[in-house]
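Structures for review follow.
Next come two complexes built around chain A: one with chain B, the other with chain C.
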Partner chain A sequence: MELLRSIGISEPVLQFMLINAILGLSIYLTLFTGMFSLANAGFMAIGTYTGVILTQQFGLPLWGGLIGGMLLAGLIALPIGLPVLRLRDIYLAIATIGFGEIVRILILNFDPLVSSIVGQPIKMTYGALGISGIPQLTQTWHLVVFLIIISYCIARLHRSRFGRAMAAIRQDEQAAANMGINVVYVKNMVFILSAVLAAAAGVLKAHFARTIDPGDYGFSQAVDILAFAVLGGTTTFVGPIVGGFVLTAMPEILRDFKQYRGIINGVILLLVIVYLPGGLVNPAGWARLWQRLRGKSSFKPVEAETG
Partner chain B sequence: MNVTQQIVNAIWLGGVYSLFALGYALVFSVLGVLNLAHSAVFMWGAFIGLTVVTRFSLPIWLAIPVAMLGAGIIGIILDLVAFAPLRRRNAPRISQLISSIGAAILLVNIAQFAFGTQPQRFPSGTIPNQALEGLPFRITPIQVIILIISLVLMALLQYLVMRTRIGQAMRAVAFNQRVAGLLGINSGGIFQLTFFLAGALAGAAGVLYGLAYNSMTPFMGDGVALKGLTVIVLGGLGNIQGAVVGGFLVAALEVFSIAAGSSNYRDAIVFTLLFLILLFRPQGLVGQKIETRA
Partner chain C sequence: MLELRQVSRLFGGLQALSQVDMTVPANKIVGLIGPNGAGKTTLINNISGLDHPTSGTIHMNGQPIQRAAPHQITRLGIARTYQNIRLFSEMTVLENLLISQHSQGKASALESLIFSGRYRREEQTLRENAAVLLKRFNLEHLAHLRAGTLPYGDQRRLEMARALAINPRLMLLDEPTAGMNPVETHELGTQILRLRDEGMTILVIEHDMSLIHQVCDEVYVLSFGQIIAHGTPEQIKNDTTVIEAYLGREDE
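This part shows the complex of A and B:
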């Protein structure tokens, strides 16, 4: 901790790093299955608001809010995923961007909407003001433990039959279906898992950041989550964790350049996607870059890119 | 609700939306990629136009051609930095989408740095916004000018793409890059031309949007970006005529939902439409044949 503090990473920064690593993992699951979904910010919003309303207004403990948020996000992911996951690449991206915006606008207008249905004034999401004064319930060790458990589960998942099916679908959906993999089932399960994970990250984050508002979960949040995974790389689950850590810690370490923060983030994202298509955690990509810099042509056949 | 007035509003706003979405559609039809930095170029166009008027105190009618030129050049740079390296590597379309997001972040942040985050305006008196008299509805000269410029630019684009050799080359590259190359078409040049045209259209739309609302921030592209997506999905991705129709439809939907008193939900209505179109008619409302099935 002392070491981290010396390079500018205080405890709150560490907490954000851990949260962003979890968010990176949530989109990693869908990317690993070959689905380019940008719905994670939307599910994060659903989970966060549910969790916060449960702990703050109904006095549930943190785990109660966590389970509630995860449950609702998962329940909403099912009817959304069934039709939407029939779409591919750019079409899926656009549809999920649309979903995220619809969620944000509904949360923004939730109070008047529900009040008009119930017939009496109800204050739950507090519109554009957002909810503040959320009880501080999340401890740093909660996040560490959560991240370790999730990483372990994902590592196990990759070795399982289901995990192999995910990889097969990414490589070739048609071929996977011919092999007898239930593509619709796997894709939807992964979509739900991804939504649940994003929701969990959101609930945990709200209980140390202590304020939330609908603007936090717009298109830019969706892009940030994507950036964690893309920067780190989606060839292994370590990638998004590293990506989340690096992108969150970087502005703090380079505190003196704070006004250039956005510019630096944009440049990093561009450089990685152009020169290191497999992300930071990808030895093969570094090797290829090294060869290119030395001006040698690689004899190895170009591997199919993922993500 | 004054229906005539709402139709008038929808028409001039639709002109701006169509103009903006045409750039999206053009890039998608020729390159098959979604350029999410298009809205950042739009914003840069508006600021270039503003700078022309405020810093160099040039007349306002010069703002549009200068902004188009500047935004077009930004478009070419965008292609060189974010798209060309990936194209050379035959990277998947999604990688190009992500690199365009990176470029958008970069462009918006440079703009914040260069122009600040406070809303900026054209100096008062430069915009003719006294309502015209003797009409059954309210319309200002600037709104008429916006509509005329949009329509002229759309017609020019249509002429360029459908009636000239360059347009023929663009369509050939869009149809099949390899075959076009065998026929002696320089596809790299066509790609850059496409990005220039898309950027110029975005720049023009940016200035017109800035003139219409007279408030410019580096984030002005955000709302338009997603609306532009809806427009091109509505028209059928990559369908140029479809983008024009879609622009007017989205504007009408927006104007009428505000007039009907649901301004809070106007964006939700637009995005719900986007969602439904993607699910049920991915080829767009006006598309007939299924090109790239989603």
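This part shows the complex of A and C:
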């Protein structure tokens, strides 16, 4: 902890790092299944507002808010996923961005909307002001334990039938279907799991950041989540964790550079994308980069067999 | 075993398949030949559920499958290979064989978390089945290589092994000898005959007439989406309509 603090990583920064690692894992699930979905920020918003309203306004403990938020995000993910997951690639990305915007605007206008339906004034999301004074319930160890449990689950998932089906769908959806995999089921399940995970991260984050407003869950949050996975790499689940850590810690480590830190941050991200296209956690990518730096081509001549 | 009745498939204005009637009897090897663009792959796609006929019925052991999803058709015991190899190229050879046994497993992802007894027994069985197939297709030494890095011939054999791992009753082979030399083609023919002797039913699309003669019990000829001939390989070889479809009419 002392060492971390000396390079600018205080406990709050560490908490954000852990949260962003969880968010990175939530998009990793969909990316690993070949779905380019940017809906995670939207589900994070749904989960967070549900969780916060449950703890703050109904006095539930943290785990109550956590389960409530995860549950509602999962329930909403199903009817969204069924039609939207028929789309692919950039079309799926655009549709899911649209979903995120709808969620953000609905939360923004939630109070007058519900008031007009039930016929009496209601204060739940507090519109653009957002909710403040959220009880401080999340401890750092909660986050560490949660991240470890999720990592274990994902590691095991990769060695199960379901996890192999996910990888197969990413590589060739039609062939996967011909192997007896119910593609629609697997894709929707993964979409729901991803939504639930994003919701959990949101609830946990709100209970130490202590304020939330709809602007926190817009397009830029969706892209940030994607950046964690892209920087870290999606060849293994360790990638998004490292990506979330690095991208969160970097602005703090670079604090001495003051106003230039945003530029340095961007340059590092660019360098990684250009020279390590598989992300930071990708041994093959590092090997290739090493070869390039030493001025060797990757072509290895094979010696002719004699005798 | 497999019955196609009046199967038609329209792509916009293009009649890819036109009232195709076809029967694949159990434990027989049926060939399907035809010039390029005749609709052979469309037919296989319609049987395996990647595409659905515009009209007509397809029955597998009496069950209608013309509207079924691919995974349901696979579960009824129909496996296929592809004209252009479609392995899961980023996975190892072994993983490719584990994937195709998907529908034989029952253990959920949750069971893998707690290493339940059923999960461990199942993984064990999957690996044993895969080992048998690796041996049979001579791929043992390649088990842990990525499928995409294998030489062409090995990829072809892996695709056969992967289809077989589904444990099907009917196999659809879409040009299994494409790109093979005569020796390899003959070897594959021997493999196909061995499958039949073990009780498998096979529908094979092929250009290579030597393979058709080597293995097929009967042959259908498809041209411009229509069945123009049906008979034993010997009958087909001497059929004038077939010769015309392939080579054109002889003008005086």
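Here, the second predicted complex is superposed on the first by the 294 of 307 C-alpha atoms of A that agree within 3 Å, B and C clash if a C-alpha of one lies under 4 Å from a C-alpha of the other, contacts with A are read in each partner's own complex, and residues count from 1 in each chain.
In the analysis below, a residue touches a chain if its C-beta (ideal position, glycine included) is under 8 Å from a C-beta of that chain, and two chains touch if they have at least 3 such contacts.
If you're wondering where the values come from, they're calculated on a predicted model, not measured in any experiment.
After superposition on chain A, the partners chain B and chain C are seen to fit next to each other with no clash. By the touch criterion defined above, A:87 reaches chain B but does not reach chain C. The larger set of touched chain A residues comes from B, when the choice is between chain B and chain C.
After overlaying the two complexes on the shared chain, residue contacts for A:9 are found with neither chain B nor chain C.
Shared-chain residue A:183: touches chain C; no touch with chain B.
Touch criterion met: A:263 reaches chain B, while chain C stays clear of it. In the superposition on chain A, A:106 contacts chain B only, with no contact to chain C.
In the superposed pair of complexes, A:165 makes contact with chain C only, with no contact to chain B. Seen from the CA centre of chain A, the centres of chain B and chain C span an angle of about 90°, rounded to a multiple of 10. With both structures placed on the common chain, the touch criterion links A:274 to chain B but leaves chain C unconnected.
For the pair chain B and chain C, the minimum alpha-carbon spacing after aligning on chain A is 11 Å.
In the superposition on chain A, no chain A position is in contact with chain B in one complex as well as with chain C in the other. Contacts from chain A toward chain B in the complex involve residues 36, 83-84, 86-95, 97-99, 101-102, 105-106, 108-109, 112, 219-220, 223, 226-227, 230, 259-263, 265-267, 269-270, 273-274, 277, 302, 305, 307. By the touch criterion given at the top, residues 48-50, 69-71, 74-75, 79-80, 82, 86-91, 95, 98-100, 102-103, 105, 107-109, 111-113, 119, 122-123, 162, 166 of chain C touch chain A in their complex.
The touching residues of chain B, counted against chain A in their complex, run 33-34, 81-82, 85-86, 89, 91-95, 97-99, 101-110, 112-113, 222, 225-226, 229-230, 233, 237, 264-265, 267-268, 271-272, 274-275, 278-279, 282, 294. Residue ranges on chain A touching chain C, taken from their complex, read 152-153, 156-157, 159-165, 167-168, 171-172, 174-184.
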